[in-house]
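As structure tokens, here come the structures.
Both complexes below contain chain A, partnered by chain B and then by chain C.
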Partner chain A sequence: MTAPEDPRVGLLLSIADDELVMGHRHSEWTGWAPHIEEDLAFSSIAQDEIAHARLLYELAEPLTGRTPDEMALGRGPGEYRSSWLCERPNGDWGYSIARQFLYDTADAVRLEALTASSWTELGDLVKVMQMEERYHLDHGRAWFERLSAGPVTGRQRLADGLSASIGEAVALFEPLPDEEGLVADRILPRPTADLLSEWLGAIGEELEAASLDFVLERHASSSGEMVPTSSGEMEGEEEAFSAPGVARRDGRWVHEGGFSGAGGRFGRHSEDFLPLWEEMTGLFRAHPGARW
Partner chain B sequence: MVRIGGRDDEMVTRLEGSEEELELAAWEALAGVHDPEIPPLSITDLGIVERVRLSDGAVDVDLLPTFAGCPALDVIREDVTAAIEAVLPGRTARVRFVYAPPWTSDRITPEGREALTRYGLTPPARGPSTPVIPLASLRRVEGAAACPFCGGLDTVLESAFGPTLCRSTHYCRACRNPFEAFKPKAAR
Partner chain C sequence: MFVWDVLGKRSDNDEFTAVGGVKAPDAEMALLLARETHFRHKEGVAYAVRRRGSTELHVGSYGAELIGGITDRSYRRQEGYTGVGAKHRRVSEEMAGRGLVVDRPRPSPGRARALAREQAESHGTEDGGLPSGADLSPEDLAAQGTAG
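Entry: the complex of A and B
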């Protein structure tokens, strides 16, 4: 990559790598989801997400000098800027649905903000992505509503999934490298803290409507600290990565405090990333330059 | 005079013409290129041809991808190149995928919508999209996809996803057939 790295690359990769890694995880449901419609749903969402990653890698190509394939599969683990939420194994289907719901509602907030980007090529791509993402949003929300209203087992598994993912969903909004410059140039029209505030307010209302806001209360009483990392390019004693806490103020869920330490947006990943990276990039690394 | 293959395997002959005539020939050639996932539908009726521009030795074709992850795009690119170079010998076809304006399913022509129905795929609803909630209701809902077999509207959406990115899956309660629809793609 160019050095010093263009901050626009960090912005593009924060979305592209989320989409790629999320798509990779969703694709793991192909053939294993509870029923065939969900095989199709997760497989199709995966196909969309990976395609969105490619669009953004193409936009980044003049800045990185790397092709989309090289970006997707030819980087070292510490060069990825995906967030921890996307890296976690699928686990229970309730977790996967909770994560898909939280991820896509958060993704929708940042995409909407970027439609107003001063970087018009990015804004144009985002508008295309939004029209496809709406189906992901509808999918996540339909299952959220069905499971939250549903028999107690399904509701419990959804709630467990939400509890496990809510903190890392907040961390999707980790500030970007050189974010001030991106905001000043209106490439990123609104700061990530502002986007987090919008998403948290909206998701708080949805959770309250489903009487699932205890998930946020539970998160509020935790420290917000994330699981220590074991991959990424940073070595030695690193400050633990933690996301802001949440609280209900004047009838609205808000975040309090800021991030500390570095997470996915700085190439520092959860312990689940390295095994995912090894599998995702294995073929590419085993056969350099292969075409398919 | 050159003898060349034209649309639908009909043999046509063409003289060197004016630029306008050649551009028309290029559009005709594009009308002979079909979506490999929906064979009766030409790419011009699908509404993905945004611009054709002739210059010395080249023809630039801008295409709007339907869904970003559509695996048919590479095939379409090859077919467009072959079709253009067949009717305009001596010119190189340069195919580019562009994203502005975004393709929406409202760009499908009336002829394209007929071709979809003939193929057994319900054409997409027009205009701004509404949320799709699979099996949300077993009641008849406003805006339900019409069954391509019996025309009935007593249908349910089984999934917003299907065998390709651009299709959703449905069930007709009137003639009891499962069917697929071309998914609406539009701004909310």
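Entry: the complex of A and C
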């Protein structure tokens, strides 16, 4: 699949693929979470995310002519529009919690914006998603607050996780293909830059309250290899992989310049995506067309 | 870490009754975990936790419509397994049409490991594990068996 003809598909896939891949990563904690109660909680969040992806693929079906299963599992790696943040391996619990907290707070901002979409079917669907996403926010914040309050080891692991993930979390808001048209038609009611500003301002305040705002300045920059698109295109490399700009201006954290780990919305992925894709789609590819 | 009794209501007219317990450092975390450990299958319309030995009840803020999820979760409830026998027969027939027949029970765990080693050797993998999903042929899957 080359760039989708209908820009709405790119918008849907940017969210659906994030949810699918994030759900897949979360599900890898099943059986391994720090304690059994958390095992069940995190597994439920994984199921929520994958269910949300399915809703969005269903909405995309009339535009793509492909079933939700085909969209979720039947595409080549370069056809996915997930962000790098969602692709990364789980690492330790500190990283997983940091990522879940950042992802779901960012997801909440974009979903809230989409409730006002002129595409009413999307707005209505997002309202359903929001009802389940509330638990994800509660979960992420509960862990953030407890780990940030110590003891030292837990706080350090959370800080390490935030440092490793915050740059790529910013890239969740990299501009979408044909974004100008989406905004002009109010299908996407607000530009991604506007959404990023809102999220970064809020997350900056939360990090400051926990005295963890240093991660915004001392985060790890991604240096992974790229998986090229199916067409082999690597355009935009210089801009997409420049250092992310997060700075404090007039008492507020703002984004300036490029993104770290950008390109996912255009089918360019980190080196971690291909192994994930092989596992996630293996059964579907082994038995094309099989039903259960 | 404290132990918290988990209580639930089956219907609006019921009183809270004990359904289990969770370990958590405080009431907020106990409620967060209790919702998914004890009510993810829509087992009730309300839930609460009470630290063991205490009388103070902390009631969960999620209403009945949100307990167990909004989107389709039938696959994790008993109703989701309705008709599995018929599905199994249909899939078996489809597989037979492709020349794949499961003709033996699932190997015991020890035998499965030995089989994995044999397959790894035949596939030339170095780690002794099963071949990756991309390399796993339908014949490989059938050889592992599905019954038992």
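Operating definition for what follows: the second predicted complex is superposed on the first by the 258 of 292 C-alpha atoms of A that agree within 3 Å, B and C clash if a C-alpha of one lies under 4 Å from a C-alpha of the other, contacts with A are read in each partner's own complex, and residues count from 1 in each chain.
Just so it is clear, contacts are C-beta pairs under 8 Å (C-beta built on N, C-alpha and C of every residue); 3 or more make two chains touch, one makes a residue touch a chain.
Treat the numbers as computed from the prediction; the structure is a model and nothing was measured.
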(request) Based on the superposed arrangement around chain A, label chain B with chain C as either clash or fit. (result) clash
(message) Going by the contact rule set out at the top, does A:R285 touch chain B (first), chain C (second), both, or neither?
(response) second
(request) Tell me which partner A:L125 touches in the superposition: chain B (first), chain C (second), both or neither. (result) first
(message) Just to be sure I read the superposition right, which of the two partners does A:R249 touch: chain B = first, chain C = second, or both, or neither?
(response) neither
(request) Could you tell me if A:H139 is touching chain B, chain C, both of them or neither one (first, second, both, neither)? (result) both
(request) Give one of first, second, both or neither to describe whether A:L40 is in contact with chain B, with chain C, with both, or with none. (result) both
(request) Please write out, lowest number first, the residues of chain A touched by both chain B and chain C across the two complexes. (result) 37, 40-41, 43-44, 47-48, 51-52, 54-55, 128, 131-132, 134-135, 138-139, 142
(message) Can you tell me which positions in chain A touch chain C when the two form their complex?
(response) 35-38, 40-41, 43-44, 47-48, 51-52, 54-55, 128, 131-132, 134-135, 138-139, 142, 146, 278-279, 281-283, 285-287, 290-292
(request) Note which residues of chain C are touching chain A in the complex, please. (result) 22-25, 28-29, 32-37, 40, 62, 65-66, 69-73, 76, 87, 91, 94, 132-134, 136-138, 141
(request) Quick one: which bits of chain B touch chain A in the complex? Just the residue numbers, please. (result) 65, 67-70, 99-100, 102-104, 129, 131-134, 136, 158-163, 165, 169, 183, 185-188
(message) For the complex, give me every residue of chain A touching chain B.
(response) 37, 40-41, 43-45, 47-48, 50-52, 54-55, 120, 124-125, 127-132, 134-135, 138-139, 141-142
